[in-house]
Amino acid sequence: MESSVTSDDRPSKRAFASGSLVTSRCVGGEIGAESARLTPEQKLEIWQHLQRNRMVEERLGLLYRTGNVVGGLFSSLGQEGISVGTAYALQPQDWVGPLIRNLGVMLVRGVRPREAFTQYCARATSPTGGRDGNTHFGDLDRRIVAPISHLGAIIPVMTGIALASKYKGEDAVAMTYIGDGGTSTGDFHEGVNIAAVLNVPLVLIVENNGYAYSTPLRMQTRVDDLVLKADGYGIPSEVVDGNDVLAVYDAAKRAVDRARDGRGPVFLEMKTFRMKGHAEHDDAKYVPPELFEEWRQKDPILRYDRVLEGEGILTEKERTQRVATLKAEIDADADFAVNSPAPEPNFAFGRVYADDGGPGPLPGPAWGPSGATRAAGSTSDGGR
Amino acid sequence: MESSVTSDDRPSKRAFASGSLVTSRCVGGEIGAESARLTPEQKLEIWQHLQRNRMVEERLGLLYRTGNVVGGLFSSLGQEGISVGTAYALQPQDWVGPLIRNLGVMLVRGVRPREAFTQYCARATSPTGGRDGNTHFGDLDRRIVAPISHLGAIIPVMTGIALASKYKGEDAVAMTYIGDGGTSTGDFHEGVNIAAVLNVPLVLIVENNGYAYSTPLRMQTRVDDLVLKADGYGIPSEVVDGNDVLAVYDAAKRAVDRARDGRGPVFLEMKTFRMKGHAEHDDAKYVPPELFEEWRQKDPILRYDRVLEGEGILTEKERTQRVATLKAEIDADADFAVNSPAPEPNFAFGRVYADDGGPGPLPGPAWGPSGATRAAGSTSDGGR
Amino acid sequence: MALTTYIDAIREGMREELQRDPSVFIIGEDVGTYGGAFRATAGFLEEFGPERVVDTPIAESGIVGVAVGAAMNGMRPVAEMQFIDFISCGFNQIVNLAAKARYRWNAGVPIVVRGPCGGGVSGGPFHSQNVEGMFLNVPGLKIVEPATAYDAKGLIKAAIRDEDPVLFFEHKFLYRRIKEELPSDDYIVPIGKARVAREGTDLSVVTFGACVHHALEAAETLDREGVSIEVVDLRTLLPIDRDALAATARKTNKIILYHEAQRTGGIGAELAAILAEECFEWLDGPLTRVTAPDSPVPYAPPLEAAFLPGTEDLIAAARQLASY
Amino acid sequence: MALTTYIDAIREGMREELQRDPSVFIIGEDVGTYGGAFRATAGFLEEFGPERVVDTPIAESGIVGVAVGAAMNGMRPVAEMQFIDFISCGFNQIVNLAAKARYRWNAGVPIVVRGPCGGGVSGGPFHSQNVEGMFLNVPGLKIVEPATAYDAKGLIKAAIRDEDPVLFFEHKFLYRRIKEELPSDDYIVPIGKARVAREGTDLSVVTFGACVHHALEAAETLDREGVSIEVVDLRTLLPIDRDALAATARKTNKIILYHEAQRTGGIGAELAAILAEECFEWLDGPLTRVTAPDSPVPYAPPLEAAFLPGTEDLIAAARQLASY
């Protein structure tokens, strides 16, 4: 093996490199095998998730512009294939730790649009009752762990989740996410390294979307391909076209299978692009317009539409119909959020400790959870 | 490039692997070229440093057993070649950030044995006046930065030192050290990554001595060769036989030259072995005895003795004579320490802030600094 | 003359120091091209170039560590935390490296770590914190938080010139909400000195940051009720201006400690302790704390409003103490 | 019956919980093969196996994070910091992840983070710290520090069974210096309850950890001078037992807050604030703090002795306050 200085002496001058390692690594199995096994029904389901993810976020944009959203709004426009493809590879007993751009993961895992709407609008009916916002909610019953804002911090936590599942012999995998920027944090390093040494079933999805806020990849790291970091932890990795939902699913499924098989953590780098600013307020002037143009061509939904059309799975007409159905659900849920009351002021107090006689349980998803079922060994009162 | 999972699925079962990459990487120049350029005088000087390093530490052991040392005692037995070979590659304007096992670095940089003795014995005459112990002292005039105990923390700091030198156009390099265990810390990751991205002249010496306290390498990281981590930062690296002082010097010199040349940080992994417990109190029962046996054969000083004998640079007789001279110096300095008073109690107070009217300047090396000279741009009052 | 906002005052202060002293530089996430998440360094990259306005990876511990090292090597770094909440990731570098270096081995660490703190802008649990409580028990640090644009500029300049590590907290609620006319000449506001923001005789409110404005508002209301409130703006949170505390205690004999952070272990505790120890004989009533309750900062506006200790809470406490 | 040392009491407490509850496990650096730098987990690897005694890389943030995750997934991790000084590296995980999860999204985080704290053993600036001051302003945490072997065992068991994150500080000066006979049956010492370590009538010393022993010693001396000292051992530092504070204030009317950490921003400040606010009318003298000065912990024995607030300092302060 030779020296790995990929870009001679200076950090790469490219704002965003799509890498040269795309097809040469494989975390196990055979590239393409898992996506080839998908039935037409499953492919449609994936389409449905993709479309729903985007439509929910579009609706959030509308809620933002009409002044209903409290605080910032974060979008995964152009990256939906990653959230959907990875989450689709999970089984009910698996755990996820999504980040702010992974609303799609939560939707695939059974979270309903109204949960996102009420969260972003800070309503009493939201999963946190207004105590936290945006995607900062979780549910131990549905095996979704809420992130904190501090990037990287969730990785050791998901390593701990995986460790516990392994200890309990639950056959469950923990999947979590990090951005290209987040890989620079100490917690990324500590979390991945511990996962590697303890050989726990952690699948880490690294969304390399070229930017961390205004900072391009080359100012975040000196490598073009983040998978090189996986080598330093001695764990297998793969570079995936993050805008190809089937490729994403394929790699994620093989990674999850490998982890479930007791063979330790896996690192998947998803090449993609952030098609908006960091948050809704950010016009992303610092991104060269031609990059947006280039990546618009690779839009994961348009690409997948063409695939399904080509395979005769989804006609134009059926698509229109499905979009309409989705719209009805989203309309209803958005209305639910808009018409929900703000929380009562005194919901601010208590439940800091288990025994402080706080305001009691959260409103919770009164509409009933869907998706993952609860496995043995943990109950709803704080994971015990 | 293929997947880097070096040891199949499970962490390596070897307690300590000496790696397979020893000769295949080169950070620049030509392996062996720099050591070949050393004059006999220089080779003797290196021998002198090695021998002095060991003898000072042996004397510290004696001081420990006679109850003069306050707190723990840390040894670099078997690793002296690394401290000496790397520090010998520096120029006066360069900066070092040694760790607890790098007393040898400090000695090469002009620190006198009495500074170490008085520090370990917590005397009023010590460089910190008894405020801190062991190798926890520094001197901005001599461009030595004191570590803190928290492993990894010094790496970002030395990155900052290098950044400032680069900004000031000082042509200086910053060299610092970390153990195999220390590579697991978040600060290691953040510091090296920032150094890489900012392309600063940092030379990182990774002393892979097989253990972190009682924890063997395979329980610290899943890779056998820590250089794989360098690849993840996009910086050049090399694996060096840390018990061959000439190989160490050779690699360090090439790394320093490269960094000084403006080509960014370099990562050198030194394979070595910790020939004692973590500290003097630790009998290292957890280390398989055969490992000690194996590595005793590779003792860096015995090996270097043979080299110099072979080259006719140092005869048995001259060696004995030089050892005696060193012993005289060390005797004197140890006596100085033992006879030095403990600090006055009120030296505990003040100099927490620049303007608090604290106890004034430290006793300082009244015997006058040797080694590095002070370059423009920083003075003794706090680096300004 | 033009009015300068609180954030512009900070930016102007930094700019003047950058112009004055080539050893000053800016380091942080998105401080260059973007000019900082709150635009505190807008225009700096263009004016001073990438060597003095250093965009970094996301690594607060690394950022602080790099600043410490650069300071040891003769520079005066100003490190930005994008939100002050992220300072927790650089905690070890601050408390163990920066704060202890001078005491241990006489190495000065003249760094400034600055960033937006505080609530009232629906930032939720991780973009609203007041973190001074985490650092009060760390000797070697100085902590500053201005309440006015004048002080913001004068204190950032003083912080940059200080020989020791200074944490500079900027209340983001004030960033664009307050403005004033500033002197055109170079001035600093000395670290360690409080100011009397309003003279009064019946009761003192000791506070800082955004709370100063609420306190002044409360004082107006109470004035109409015949209660004369003195408002002391600490400006520096560490070291505490004991003389100012003693002076106001001697004058009004009744003190409210008012801050936005949670009660337990907040700076109000230290202020109360100093007063109860050093000014015991002058106290004519319980030392009263008006603070946030002991919970994280909630996100939804009604919850945050209930959580934050506002003008009404202060007025109620002041009425009670005044009638004690 | 055999006498049990403070550290053995902690080890026994952990061992019993490991035996009782399969969701309890140990995680940290050198806790397995080596049995912990201070042998707090000696024999555990052999008894419980590597799945329940997990040696980790050097990564305190990672260790705490892993513990948090495991706790969310039904476990009760006990994470060791080799020295409590290293907790600063795991600070963010503790204050932002563990402490806020229940409030934010109803996720309990029943972890214990434990380790040796305190000075008096020539550990120098980085192996002698008392870090409670860094965490007092963080709602969601509990903090415990026992002064006796009985409490050490009872509190570690209570901490492990607690539904919330508990920081468990062990004063290393006591590890092998104190021993006592312990009950053979399962018992816990409830978190949140102080104890009166010695009854007295003239003056109260509120303290905890190693200082309790110095306080008892001082009380003996003062007793001979006719001054009757009550010693209150807090045991739990967060949440503070306000009832115990009020009770002793009502009884003696004069209070010394005595702790080993530095003065400014230490827990003495919070205790003083509570007393000055809630017990103002019962106070017959200034709230007096006996603490370390505001500097790092020095290394050399004479310096450390001067730095640490010892029996003599306490006696001097008590004499003064008693005669107030």
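Odds and ends about this structure:
In order of appearance the chains are A, B, C and D, and numbering begins at 1 in each one.
The rule is short, and it goes like this: contacts are C-beta pairs under 8 Å (C-beta built on N, C-alpha and C of every residue); 3 or more make two chains touch, one makes a residue touch a chain.
Here the structure is a predicted model, which means the values were calculated and not measured.
Distances between chain centres, each the mean of the C-alpha atoms, put A farthest from chain B. Looking across A-C, B-C or B-D, the pair that copies the A-D interface, with over half of its contact pairs the same by residue number, is B-C.
The greater number of contacting C-beta pairs, out of the two interfaces B-C and A-C, is seen for B-C. Spacing of chain A relative to chain B, judged by their CA centroids, is 43 angstrom.
Distance between chain centres (mean CA atoms), chain B to chain C: 40 Å.
Between chain A and chain C the centroid-to-centroid distance comes to 36 Å (mean Cα coordinates, whole Å).
Rounded to whole angstrom, the centroid-to-centroid distance between chain C and chain D, based on C-alpha atoms, equals 30 Å.
Residue positions 128, 131-132, 136, 148-150, 184-187, 189-190, 193-194, 197, 219-221, 352 of chain A are each in touch with at least two other chains. Touching two or more other chains at once are residues 56-57, 59, 61-62, 85, 88-89, 92, 96, 100, 103-104, 125-126, 139-140, 239, 293-296 of chain C. Those residues of chain D lying in contact with chain C across their complex are 85, 88-89, 91-92, 95-96, 99-100, 103-104, 125-126, 133-140, 238-240, 257, 261-262, 264-270, 272-273, 275-278, 280-281, 283, 285-289, 293-296. Residues 29-30, 33-34, 37, 55-59, 61-62, 82-83, 85-86, 88-89, 122-127, 293-296, 298-307 of chain C are the ones touching chain A in the complex.
The touching residues of chain A, when paired with chain D in their complex, are 95, 127-128, 131-132, 136-140, 145-146, 148-150, 153, 155-165, 167-168, 174, 186-187, 189-191, 193-194, 197-198, 351-355, 361-362, 377-378, 381-384. Interface of chain A with chain C (complex): residues 70-71, 122-123, 128-133, 136, 148-152, 181-182, 184-187, 212-215, 219-221, 286, 342-350, 352. Chain A makes touch with chain B in their complex at residues 1-7, 9-11, 21, 24-27, 184-190, 193-194, 196-197, 199, 218-223, 228-237, 262-264.
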